[in-house]
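The same subunit A turns up in both complexes below, where it pairs with subunit B and then with subunit C.
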Partner chain A sequence: MRAHRHPAARVALGLLIPILLLALWQAQAEVGGARALAFVPLASIAAAFAELAASGQLLTDAVTTTSRALTGLVLGASAGVLLGIAMGLFRSVDRLIGPLYHAIRQVPLLGWLPLIGLWVGNGEAAKLLIVGLAAFYPTVLNTYEGIVHAERRNTDVGALFGFSRAQLLRHVLLPGALPLILTGLSQAIAFAWIATIGTELLLGAGAGLGATMSLAQAQQRMDVILVAIAITGLIGFTLNTLFARLRGHLLRWQPAIA
Partner chain B sequence: MTSNLSRIGFGLAPLVALLLLWQAASAAGLFPPQVLVAPADVVAALLAMWRNGELVAHLSISLTRLLIGFGLGAAAGLAFGTALALSRLAEALFGPLFQALRQVPVLAFLPMLVLLLGIEERFKIVVVAIAAFFPVALAAFDGVRGVPRSHFEVAKLYRTPLLPFLGRILLPAATPPVLTGLRIGLTRAWLVLIACELLAAGSGIGQMMEMARQLFRIDVVLAGVFVSGLIGFLLDRGVKLIERRTLRWKAA
Partner chain C sequence: MNVTTLFDTPAAASPPIDGALTIAGLSKDFTVGGRSLPVLDGIDLVVRPGEFVSIVGPSGCGKSTLLRLVAGLDTDFAGEIRLDGKRITGTDLDRGLIFQDHRLFPWMTLEENVGLALLNSSIPKAQRARIVAEHIALLNLAGFEKAYPHQLSGGMAQRGAIARALVTEPKLLLLDEPLGALDALTRIHVQTELQRIWLRQRSTMLMVTHDVEEAVYLSDRVIIMGAKPGRIRRIVDIDLPHPRERSLPQLHRLRDEILAELIQPVPTPGEPENLVRLPVREAM
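Moving on, here comes the complex of A and B:
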């Protein structure tokens, strides 16, 4: 009766719909004509994968995009943590920068591209600016929240020990804010990855998965596009999973991780 | 009330100061006009585009796309998420595929969708719908799964028919997370729509900015940044207001 409770049956059920969709896709491909341009046969997707992998283009693209995302992430997230700490520690900084931060954050991320394009062109700098910004927003917010909502009893102990502001930050505030900072970073990773693909698509030049997709779109190479989509999803998933592991490891001292 | 007003005043003061500084720096000729124009010029560009109807035309096209796409995507997401949460079989069938597709940024689907659908209206609406679908489906799933077991048992005991069960038991219990999901979906939909319009469109706020970039009209680009930010803010704030309204009974 309850076949879907069995692990093996669950896997089979989970595969059923994807296989059905692939079969439908293949059937569309075999109709031929104009349809075949969009619905490429499954065999040619596999061939495109083999071709891209053998020529090394896939590896180059994957490495370029990933390192671009990570570079932007490191730049944006470190700036974000620093600003978050400053805003959390000093009311004046919070008053001064806070409204500006919230105003700028309202603009859809890629809406900055035309402006940044006019300022710094369409090269690497423009891409890193957008990716950095994507990583910056959530880290500022979460770091700030973590510092501001430090537990009162912890800061009281710090005051009792006569901690200086720097000592309080190092021994009380930062460890207390760590879970939220890590939450901010995990959001930053996801946003940075999305922003990298988006900028590569819109400023489609040079290497990278997004640029390859953009070129493949112009050449109507659906097979190449699908391979790039799959790799994009796979790398994004891997980055998120690796960070979730790291986060769990860093927070293992916590009784219960939210 | 006064303290509220003064807090808003304090919050706005740095922004106003920055605008004045920017205006003064531009007036003093600190930036070449192809890099940055004065805020007054941006306001002038906004007013001019407002008067000749250009801004209203772009804005209404963008918002129509957003509304239709978001409506379709959110409705599909609600139905899908609820079905997956209620039926273990549906979850086993569609869950893995959903989780796999969710890993791909929506923007990565753009080239594929261009080849499948062309770059006409249909394309933009489908993209917006996809952007809205995933967060709403996820929120609906979590929301319905989060409904306490006892609710289901009571409904079973009283043999509540499906529709009243959905409307009177499930809906109120699942509303808070679903509203959050709708808000995230709306923000994502707006972001993705702007990206679509930058990439391929004959109209809309994104296209207005892209066109202005090509013509080196930095005042129009800045006006577009302002308008898209304002719309994003209003959408987010609007759903937050609804959240607060609908959840009032909960606080009591």
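Moving on, here comes the complex of A and C:
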């Protein structure tokens, strides 16, 4: 078990199952016939990758989709944190907005698409709105919970030292809520990424990994679809890993769980 | 840097004039399950400026509640609490409270925790870092300035909490079993330290403790409380000069006397002593 602590060993272990799956995939592809249509041989996928990379399309797609996801994430998550704080701090805001928030949250994101299409069209604004909403929901909820459930033991100390409301928020409530806020943000990242690909698939047009998938489907280019899927997974994984690092740094004051 | 300079002010030599606590007709009820539960009943107490008073009493008799009221954390009570004649209506930097658990913020280093107490103090910003460092050193925590509370032992964290409470130099310091979490050896060390600090700072101290020996060693007076509802049963004067020798026979005699008093059943007016009191009866 000790070997798992070694970074190289850990990476090797993490790659084990993907490599096995790829081998299985290749085996299926070599069966030939109808199978080969669904299970494109790895060599063709590699060729499609080389083609997309050389034309620059892959980079454009990756950059477009990532920046779209991050823009929506930043907008949605900041709005979410702000609203979560306001709802957590002020009962009136909670009473005013809470029920509406919980009702709207029940509607699946893509359910809004037709309506949003009518309001703002099918362009960039519509995509950002959906991605932003995806990031917004979990951030509001977690921030609110974190603020509302501030521990009395901590707020008492703030009161003792004569903290104003703003000081209490900055030095006691927000740091106390940070673990939950970060949980909300990590959900927001995952949801925003899924929502970005989803809107690109559905609203097509323009650059983006989802748009490329959608186009490739129409052209029956299974190899291109698979390249786009692989890149989507890779970027999503990278975003998550980077955020996990940031989270670990921000929560370095917590006792290690292990 | 010599840490002792902090308290060697000329004012420390003369008797303190600030920090007189007056409690008159204080009663406090809690509502539990829709019913009113009297927790403190008719507490009258005058603590002189610079006096060290300890409170002992059975668990649940309202000692922590009393300290919270004096600290101003709970303002829902009947009666009056005054500090230097001024009615207490909320928290203020002129009163400090050390809780039974350390309550350092887990997200701040020791240094930041102690420094945060000075956020609203009148001490100039330029001097704060020095004062914080001095207090950390005073509680023997030098070298752990950058440690987070989870990296400190329980006793160290509790000493950190004491440093944080002292740094604002409150006129009245309330201590709720401040040394309860410490091992016997550290406890004796911090008791001595507490006595030294008190003799220098001459702030008024009101300390809750379960350790009668600690109470008689440190205090000018020991208040014995009874439970249900919380009342003052007896006040014992410890008329001995400070600093004291732990081995003083008088201290041991007083300790035994207080312990005997604590063990005695509370005489309930109107009820024969030997009657077994059933819960039902008590509820009526």
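Miscellaneous remarks
The rule is short, and it goes like this: the second predicted complex is superposed on the first by the 214 of 258 C-alpha atoms of A that agree within 3 Å, B and C clash if a C-alpha of one lies under 4 Å from a C-alpha of the other, contacts with A are read in each partner's own complex, and residues count from 1 in each chain.
Going forward, a contact is a pair of C-beta atoms (placed from the backbone, for glycine too) under 8 Å apart; a residue touches a chain by one contact, two chains touch by 3 or more.
The shown structure was predicted, so the numbers you read here are calculated from the model rather than taken from an experiment.
Looking at the shared chain after the overlay, A:Gly206 reaches neither subunit B nor subunit C.
By the document's definition of touching, of the two partners only subunit C reaches A:His171; subunit B does not. In the superposition on chain A, contact is made by A:Gln254 with subunit C only, not with subunit B. In the superposition on chain A, contact of A:Arg153 is made with subunit C only, not with subunit B. Which of subunit B and subunit C touches more residues of subunit A is settled by the count: it is B.
When the shared chain is aligned, subunit C comes close enough to touch A:Phe161, but subunit B does not. Once the two complexes are overlaid on the shared chain, A:Pro108 sits against subunit B while remaining clear of subunit C. In the superposed pair of complexes, A:Pro41 makes contact with neither subunit B nor subunit C. Once the two complexes are overlaid on chain A, none of the subunit A residues touched by subunit B in the first is touched by subunit C in the second. By the touch rule above, subunit A contacts subunit C in their complex via residues 153-154, 156-157, 159-164, 167, 171-172, 175-176, 178, 252-255. Put simply, subunit A touches subunit B in their complex at residues 4-5, 9-10, 13-18, 21, 37-38, 95-100, 103-104, 106-115, 117-119, 193-194, 197-198, 201-202, 209-210, 213-214, 216-217, 220, 222, 225-226, 228-229, 232-234, 236-237, 240. Across the complex, subunit A is touched by residues 71-73, 91-93, 96-97, 99, 101, 103, 105-108, 116-117, 119-120, 148-150, 168 of subunit C. Contact residues on subunit B toward subunit A in their complex (touch as defined above): 10-12, 14-15, 18, 34-35, 88-89, 92-97, 100-101, 103-112, 114-116, 190-191, 194-195, 198-199, 206, 209-210, 212-213, 216, 218, 221-222, 224-225, 228-230, 232-233, 236.
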